[in-house]
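Each of the two complexes below includes chain A, the first together with chain B, the second together with chain C.
Right after this comes the complex of A and B.
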């Protein structure tokens, strides 16, 4: 079984937007050790692609509906980090947006050090 | 004839004496004069050869002395030349050593200057970095106090507007 088929199995393990436990159990029982490793890695990647990590400076800034509109069909995980001071940081798989005061201050520091 | 007899002249005796004389002469010539003359001749020849040899030897000695003089002269000239060359070389070597020492000294100074400049720049860079990080840290701590809820909301709205513009 090559990587392409394992990928298809990973996609097939989802029911809608979530993993179906029964399907996962059935598939994993049929795979070899190497294929299982591959399967887990691809699943992790899919989960990563489906999830957006939003880090806020404080709970007062939380606006779930706004972020849901910005990232439709994606699971949003909210974190809080006061060191951001104000603003937000979003990580959407490999796209990172740092729209916060901490990032601006770091940019100022970097330009001074140049 | 009577005159000759009065003088005691006897012809037969004379004839016999003449013959005797001739015989003696012949015998002397054969057995004495020839060998003696031979010896004398040989002696003369030897003496002449000796004189010739000594003349030749004198000539050779003179030639050798001349040669010796010339060789000495040449050797002296060469020695003088060698000494001159050595002197010139030593002067050149001294000059080269002086030049290279001067160059090495200049290079050392230039290197030291460069190092000082580099170290100064690095120190400045480090100081700038430290000062900026302290300033930013201070600012980060201070800004927490400055920003109120309204300010935070305003910043948040701006951030969301920017997110809406960016591709996801």
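Right after this comes the complex of A and C.
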């Protein structure tokens, strides 16, 4: 079974937006060890694509409804990191939105070094 | 008081240089690190051939774009990179910063100096991969690139802008031919630009490269040469990129209208490095486990050797790729590929080498598809007969082995052939100016040496050269001009050679 078919199985493991445990059990019982590894990796990737990580400088900035509107149909995980100073860092799978003071200071430092 | 115009200028420059939107980054996460190839998920907006940067400032190049992942070859040691580390796009394609200061330097394919001297900061970014100049921008090869090696300049002439393959087994003098050609460029030809040289060492032993650099320094040839080195202990990715880096440097000088000679030593190891990368990247393996695009690997490199027309600067890049064969088999995969790409080949043979003929050039199998267009009038007029005489000699030499009685004309041909073979022998690192090459060839093809013992030919030639240089500088200058030999010039040469012959004492 190649990667393409394993991917199809991963997509089929979902009921709506969540993983169906019964389906997962049924599918994994039919897979070899190598295929199972591939299956797990693809599931992790799918979950990663469905999740947005939002890091805020302080809890005072939290406005859940804004982020929900920006990323509908995605699960949002909130973190706090005071080193950002102010602003937010949003990671949507492989796109990083750095709208914070820490990033601006790093850019200034990089351009001075250049 | 800071000048406000200066501030505005700096801001405009910063705006021009800054990336479109640096607040948004496209990143990836390392999934595996195998044999110098990283597989990373993410990087969905990355392009083929883009440089990416890892957390520890090591760079890599994207060589595979898959549905959910990319494969990256490392451009340095990646032992510290592990699963879960981040990789960022740089939005730049692979390039090398080149400037005039590169002449005389030894660098790696990324432009990092290897000679212990300071890094060269300023320069122009030249892309490693570039589409070769089109038909309209080119002109036919019409000026000679003199190697200083009699056998090549007479029978297999190379022109500026040509691709001439040097092919043979290990240890037969392929690199020696290339190095002699580089050394010969130290003499500037009247009316022509000096040829700048680039020596690309791919997968070579470091001791061998050090020897080459030492010899170039001794012969004062390093001043106009750039050495690009990706040794045997360097990652396959650097060995793969080395020829393209060398070509990018050559194109920098080409754009300035210069003539450049580039030696790729050797493309067999380049193909091996590319095979290694392709197998680790899981690309489908073809014949001899090479990937399907191994022909394109070399064709796109060698097509960048060019002779531009005056409208486009008039510069040229002459390529001397080297291929190592196994047991003289020129019908193997990589040799046949490169033979079909190049404009001729210089074939070095083990039998000739072992019988003392050095350079061991097999003039029968060697060819230059540019031919006479790459020769001066003088050389053309003396070398025309020589190739035919040598071919006849080779055929007759087989009969001579039977020891049967031969007629006088056959004996004469055999004796002439032996003397021609003897005069074409040449010491390493002793390239000759064209005047002396013409003199030597004229002497043997016109029967001056027919009555001399074969063992004395080398001594005769050396002393004749000294005699002409010291007593007949006018003849030397006439021959050096390259103009077709007139009757008067021929009479002059005959007079001088006969004058010398009277005082010559054979061995």
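In this section, the second predicted complex is superposed on the first by the 114 of 114 C-alpha atoms of A that agree within 3 Å, B and C clash if a C-alpha of one lies under 4 Å from a C-alpha of the other, contacts with A are read in each partner's own complex, and residues count from 1 in each chain.
One rule holds for everything that comes next: a residue touches a chain if its C-beta (ideal position, glycine included) is under 8 Å from a C-beta of that chain, and two chains touch if they have at least 3 such contacts.
Please read these numbers as outputs of a predicted model, since none were measured by experiment.
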| item | value |
| --- | --- |
| Simultaneous placement of chain C and chain B on chain A, clash or fit | fit |
| Touching partner for A:94 - first (chain B), second (chain C), both, neither | second |
| Touched partner set for A:102, first chain B, second chain C, both or neither | first |
| Chain B versus chain C as contact partner of A:57, first or second or both or neither | first |
| Touched partner set for A:113, first chain B, second chain C, both or neither | first |
| Degrees between the directions from chain A toward chain B and toward chain C, using C-alpha centres, nearest 10 | 20 |
| Of chain B and chain C, the chain that contacts the larger number of chain A residues | B |
| Minimum Cα separation, chain C to chain B, after superposition on A (Å) | 6 |
| Chain B and chain C footprints on chain A, overlapping residues | 95, 97, 99 |
| Footprint of chain A on chain B - complex, ascending | 125, 128-129, 132-133, 135-136, 139-140, 143-144, 147, 149, 151-153, 155-156, 158-160, 162-164, 166, 168 |
| Complex interface listing, chain A residues touching chain B | 56-58, 60-61, 63, 66, 70-71, 82-83, 85-88, 90, 92, 95, 97, 99-102, 105-106, 108-109, 112-113 |
| Residues of chain A touching chain C in the complex | 41-42, 45, 48, 93-99, 103, 107, 111 |
| Complex interface listing, chain C residues touching chain A | 14, 22-28, 31, 41-45, 68 |
